[in-house]
Amino acid sequence: MDTTVLQLHTGQTLVTDITSEVANFVSGKNDGLVNIFVPHATAGVALIETGSGTEPDLADALERILPVEDIYRHQHGSLGHGRDHVLPAFVSPSISIPVIDGRLALGTWQSAVLIDPNGDNPDRKVRLSFLPG
Amino acid sequence: MDTTVLQLHTGQTLVTDITSEVANFVSGKNDGLVNIFVPHATAGVALIETGSGTEPDLADALERILPVEDIYRHQHGSLGHGRDHVLPAFVSPSISIPVIDGRLALGTWQSAVLIDPNGDNPDRKVRLSFLPG
Amino acid sequence: MDTTVLQLHTGQTLVTDITSEVANFVSGKNDGLVNIFVPHATAGVALIETGSGTEPDLADALERILPVEDIYRHQHGSLGHGRDHVLPAFVSPSISIPVIDGRLALGTWQSAVLIDPNGDNPDRKVRLSFLPG
């Protein structure tokens, strides 16, 4: 299997666009599925529009579901870190995108992003894997 | 890769059952995975029971997470359109279903559905792709 | 396709760790993707850390989104069963994990778990399928 691991510095950033890295990975391949996989217990991946306000709107929605308060049993790390551990149940760390003739079959407004609320762990890995069709 | 794009008219309908279209696509194939992919930034796909009240229950749950109010930075479109752009972070636009001997390995009560809160965009595409096992 | 069905007794337990079962299934295989699929309309699969408090934190988050109250149109089963049917829209019943040289490419703190709020149905199936890369 053609697979690689990206090394990302996310710092305190909730949403990191990785579309170009994924597009580069599949470039030159034929048809298939590319799987994006985050090997961390406090992050997920998603396909959203970036740059038009959805990043802070997502942050607000997460606050409604998983508020940054001292309400979690999971007690390691900074205030609210417990919620980071619940996030992957809702924002999966694994997503697959069809690849047609070496290009991501994304819609016009879709970008592949890492969703990482965990500022305590500023460096992240993302594994990309290509399955031929 | 065996892949096709469905053209759907969803109009103002939140939940559109596409099980029969997906079943038809995999009919006659052998074993593998079928990937359902929505190339839009304001819709997702899910596997739920249909016809027993879950559609309006889902609408209510979305209203708790993403209320239709003027609270979003994303300001294009109708009131609440900003929330449509957050939805795919929680209801992924990509899901894969095992196929056994040309049949979807769904449970008795599972239907494949498009979740589309975006009434501003009444026509939608859904890509189906078959990966042989 | 190499595929098998696990038979699990979840009883009243919300989170059931199936990492070792999935690891055993892929052991000895080469590279590829393993798909975990729950053929039920009231359960999902996720990758989370177990044993550090995230299980009850997840239960609390589900209660915020899908409270166990008499508010659902879906009226079969015990109080709150209607919410069990909405859960799979948010916690997908399908997830894929990369396999490298017969081992799950999970992060240190990731466990594969069944999320099953439905105490009315104590016995569950989970299908594992391996796609070669």
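Order as written gives the chain letters A, B and C; numbering starts at 1 within each chain.
Here is the rule we use: a residue touches a chain if its C-beta (ideal position, glycine included) is under 8 Å from a C-beta of that chain, and two chains touch if they have at least 3 such contacts.
Predicted model only: the values in this text are computed from it and were never measured.
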Shared interface numbering between chain C and chain B [over half = same, under half = different]: different
Angle of rotation relating chain A to chain B [CA atoms, steps of 5 degrees]: 120
Averaged-CA centre spacing for the pair chain C and chain B, given as whole angstrom: 20
Residue list for chain C, restricted to those that touch at least two other chains: 64-65, 90, 92, 96, 131-132
Residue numbers on chain C that touch chain A, as the complex places them: 30-33, 44, 46-49, 52-54, 56-58, 60-61, 64-65, 90-92, 95-98, 100, 105-110, 115, 131-133
Residues of chain C touching chain B in the complex: 1-3, 35, 37-41, 64-66, 71-76, 82-83, 85-86, 88-90, 92-94, 96, 125, 127, 129-132
